[in-house]
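As structure tokens, here come the structures.
Shared chain: chain A. Partners: chain B in the first complex, chain C in the second.
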Partner chain A sequence: MSEPQGAAPAPRSLRPGTVTALLVAPAYAWLTLAIFLPLVAMLVFSFLTVAPFGNRVAEFTTTHYLVFFNRPYLVEVALRSLALGAWTTGICAAIGLPAALALSRAFRGRTRELLFFLVILPFWTNGLVRVFSWTMVLRENGILDDAVRVLWPAAPSFGLLYSQPAIVIGLVHAYLPYMILTCYLSVVAIDDAVLEAAKSLGARAPVVFWKIVLPLAAPGLIAGSVLIFVPVIGSFMEPRILGGKAGVTIGTVIEDQFTQAFNWPLGSALSFIMLAVVLVIFAVFSRALRGRLTAS
Partner chain B sequence: MTALGKAFLFAVLVFLYLPVAVLVAMAFNASPLYALPFEFTLHWFEALSGNAKLIAATRNSILIALLTTVIATTIGSLAAVALSRRRFRGRTLLQLLLLPPIAIPWLIIGTAMLVFFFWTGIGRGLHAMVLGHVALAIPYVVLVVGAGLNAQRIDLEEAAMSLGSTPRHAFFAVTLPLLMPSLVAAALFAFAVSLDQFVVSYFLATPGVSTLPVEIYTSIRKGFTPEVNAVSSLLLGASMVLIVVFARLSGMGGVGGRR
Partner chain C sequence: MRTLVDRRRFNLMLGAGVAAGALGAAMPRARAAGKITVLNWQGYGTDEAWALKLFAEQTGIEVVHDNYNSEQEMFTKLRTNPGAYDVVVINSAWTSRIAEEGLLEPIDFATVPNAVDLDPLLKDSGNFVFDGKTYGVAWVWGMNALGVRKDKAAGVDSYDVLLAPESADRVALFDDAITEIGIAALMLGQKIDDPSDMPAVIDKLKAMKPSVKLIWSSEDQWNKAFSAGEFDYSIYWSGAAGRSQKAFNLPVEFIVPKEGAIGWLDGLSVPASAPNKAEAVSFINWMIDPAFYVKWATDVGAPASANTKAMDELPADDPQKLIHKTEYLKQLQFMSPMPDERRQAFVDAWEEVKAFYAS
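Our next item is the complex of A and B:
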């Protein structure tokens, strides 16, 4: 670390441009080595027939990108992943916006700060551990079944574990804090006077919600949705643990190519197709977001 | 309306915390099949101390997190100083380049690292995980330290210089002490990012060298026992403590709650 230490205090002999370069060089060299070059390498890989290790000869091919035409089941898996993303995002929005409204309107001062912190705290704890915790709740004769049987002793077992709903529950649990956070930042800025004015002019609660609250909360909803949808379509650990055999997503298919099937070029191509989807989502919604911000 | 809102938020908090509470409770429950009624025991925590694999993984996790913290905080802070205090061509581009490590799903980043590191001979293992974790932590360090620098009044540094201090002295005597809370917050953040990182570690681990989250994942896939609950509870506790300290230092608990 002797080189960066010497760079910070800027001896007079160095030109300002050199100092700037020395300050940013270590961080960006590291990012290049560990993020950008690997992405480039994966792009190259995705066009190879086989992984070029040992004395195997790899040739150029676009087969891996045409895989959706050759293997219809992958289309099904991709659609299922998108559906998983849509369900998770939708449920997070349906719970997150009201929760953010409740937090910003029903509480004040220290209490509100504390509750806000409690809402976002889980989000900094290990996601794997939180997904694991749901297995104990959802499995046959788990806590959920126990709880139901307190009220209705003869209740049949739900046995939700290893099903699509189990995956959605786990993902909603994992990403809900994002939505509450982004919605909260939008709705906390709404002036009480605006709502009072609407009410005093005769607007009923639903009208106030649709005409005032929802448009003003939209940037938060959109930001939250993007932040949730993107990682959900790339999730593999939640579907594996909570979905079992039912949990085949594009994420688990990609993981398989790298850890089980060892078809790295195919895995790379699938990763890049997913990356393309992610970039399109960011491009579309960044415009929508900016459009909203300038319109208001 | 207010009462309804309070009840709803309470329900959301129950949803967020109940499974985690169950996980921790089951770490103290005697039944190996998670059966009720609850019977208190420390047996599963004692069993941990005899589990050489988990202990080795924990040691790796802490070592990687410490190295990540030191490296990412150092080089990230240097970049933050340049990005927030200097005007130069390409500055916006450099700021934009911080987004991919945060925004691209870890699955893609992790597999890309696996491909590249394997191809170039860097290989997998501890050093590869440190390489990866530092890269994931750098953007957060730059953002946290950058926010700290931007919140500081630049005229303090200028005042020191107009009173005869050299730029070097002004930086070390004025800017750096004021920046200390941000630096500590960034370091804690980097530590937490590394300690909780699973996906990237998973692809860079070797059968002999893994981290705590990777070991937990492997145990879950094999069939879970309360021992996994015990070790998960410890990890959970560690990251919660880190974040509470982080929040106090950076004032995060008060985001938007101010005024």
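Our next item is the complex of A and C:
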């Protein structure tokens, strides 16, 4: 096919501002529709006595925000959810940063591409399938036990399924790619000359890591932690399936309010309280981290 | 009521293909004697294509459907669309509440010949009665009670097995507030949907902590964990127990212990505003006909029929027939309507118990 000669209209010139607005508009329209409006609706619901469906009359109330005082057992649930978030994020960082370093420093070309593919693979598998395959691995006399018994036939069963560690394992598997990718972006930007300079000045590997790599990788670590910590606190699928009776988190409590109690207002209020808690934690941490980074 | 939705979802999966053809198949009718509209869950018996075809051939009545996805939605549709429906399938927990609003027509059993074979305990269930009149025809029913591994089932006749030392770490509970509160209420001799002593109910459930291994929330999850040998004793659905035996060959025995079980019962009713009441009643009569039920139950899979003759005509080895023994009916407490505040109190109590199990 050939372009019709001379028939093309002269391109109209648009001002750069208009172009930017046009390019950005679809994204913002989508965000408004898909995120902002539902969030506002949920915020409104959280101040109502009942969800205003059918012929039920909703009135204004703030009692849902006192839920942690009215139901003290939820405090423990919330603390356990935060601990779950801390463990998952910590383990992701402990595995993800070395993996990112290896990817950026030790591998090149095809090998690196293949390893990246393996890192991203969990993203492409259905979450439910992933979690159910973990149940087969972790359960008593499951694949993990069988594997250990190949080396040590009399090994006792791990019996990890239906416990807090099982939930952490499932969550780490799901969220590790975020940490590896964000860390990789930070680490790959570190100039080799900086590391060589440190070594030539006599710094041993641990010192190089602590004084140079870690501070320079911090933006990636922080971004990865934010991406992981928030969804883990609200997770409900992994706790339900891998946690057994240990699988009670703020996420499952919120889910029950929506699906079992039809109490959308309480579910929304719990979500916003947890959002506030997370924001406070990040505010404290980012201040502490900024202090540490500028000091070093 | 998540139990019911899940049960229906299963039927929906089985019947989806058949249901899709139902409306089309009903269109060419033999005689133009009329057309009725049925309001029901999708894929739940009344829309079996072969059954509608047979019914149209025999009576000339064409059947079309409208569906609901929750009991609240069904109630709203009855309220806001007068004259739109001729037959409605109602969980009997709701029947008297809907009749109270004047939305239903009383049933004259003289016009429903097959009703003579209905089990009297179900036919005359108080759930159908308002102001001395009956507003629903008992259709199908099921139970929530104990599902126990066969080699551990000998001698199990009480929910106390959930507290016994030998059950430590061998119990699976169902993640549903209404069911679990109801089971603890049965153990304490209280009413399942309005326990007189809620703190005692909560303590009873908390006492099961050493036994509880997992809390299941779907039939699939139950089947996987049971076949992996992760628990021996559980709170389970009667219909699901039959499917686990038949489809997955799992060694589960469904036991209704001496304290009783939680029952549910679905009925067929005629709205007060129905335009074709006589045709509606003849469709209801067909729905409780053994000829319809046996084919539905054996070809597609159905809950237990309220018609004793229909249950008798099932093959002798049918698991649903073996599980849904009619003598159990005397031991059932049926789910009844629940105000929103009490539902919330149930969910809160169960949430507190689950948090205690996890701690």
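We take it that the second predicted complex is superposed on the first by the 235 of 296 C-alpha atoms of A that agree within 3 Å, B and C clash if a C-alpha of one lies under 4 Å from a C-alpha of the other, contacts with A are read in each partner's own complex, and residues count from 1 in each chain.
Definition applied: a contact is a pair of C-beta atoms (placed from the backbone, for glycine too) under 8 Å apart; a residue touches a chain by one contact, two chains touch by 3 or more.
Nothing here was measured: the structure is a model prediction, and the numbers come from that model.
Q: After superposition on the shared chain, which partner residues are touched by A:116: those of chain B (first), chain C (second), both, or neither?
A: Only chain B is touched by A:116; chain C is not.
Q: Does chain B (first) or chain C (second) touch A:247, or do both, or does neither?
A: A:247 sits against chain C, while chain B stays out of touch.
Q: May I ask you to decide whether A:49 touches chain B, chain C, both, or neither, giving the answer as first, second, both or neither?
A: Once the two structures are laid over each other on A, A:49 reaches no partner at all.
Q: Which partner, chain B or chain C, is in contact with more residues of chain A?
A: B
Q: What is the contact status of A:128 with respect to chain B (first) and chain C (second): first, second, both, or neither?
A: In the superposed model, A:128 contacts chain B only, not chain C.
Q: Mind working out whether A:99 is in touch with chain B, chain C, both or neither, as first, second, both or neither?
A: The answer is first: A:99 touches chain B but not chain C.
Q: Check whether A:140 is in contact with chain B, with chain C, with both or with neither, and answer first, second, both or neither.
A: In the superposition, A:140 touches chain C alone.
Q: By the touch definition at the top of the document, which applies to A:27: first (chain B), second (chain C), both, or neither?
A: first
Q: Determine where on chain A the residues touched by chain B overlap those touched by chain C, and list them.
A: 132, 135, 142, 240-241, 259
Q: Within the complex, which stretch of chain A touches chain C?
A: Answer in residue numbers: 50, 54, 71, 73-74, 76-77, 80, 132, 135, 139-142, 161-162, 240-241, 243-248, 252-253, 256-257, 259-263.
Q: So in the complex, which bits of chain A are touching chain B?
A: 1, 4, 7-11, 16-17, 19-20, 23-24, 26-28, 30-31, 33-39, 41-42, 45, 52-53, 95, 98-99, 101-103, 105-107, 109, 112-119, 121-122, 124-130, 132-137, 142-143, 146, 173, 176-177, 180, 184-185, 188, 205, 230-231, 233-237, 240-241, 251, 254-255, 258-259, 264, 267-268, 271, 274-275, 278, 282
Q: Provide the residue numbers of chain C that touch chain A in the complex, in ascending order.
A: My answer: residues 2, 72, 76, 175-177, 209, 212-215, 217, 221, 224, 228-230, 340, 343-344, 347-348, 351-352, 354-359.
Q: So in the complex, the part of chain B that touches chain A is made up of which residues?
A: Checking each residue of chain B against chain A gives 1-2, 4-6, 8-9, 12-13, 15-20, 22-23, 26, 34, 36, 71, 74-76, 78-79, 81-83, 86, 88, 94, 97-98, 100-101, 103-109, 111-120, 131-132, 134-135, 138, 142, 167-168, 171-172, 192, 196, 198-199, 203, 213, 216-217, 220-221, 224, 228, 232, 235-236, 239-240, 242-243, 247, 252-257.
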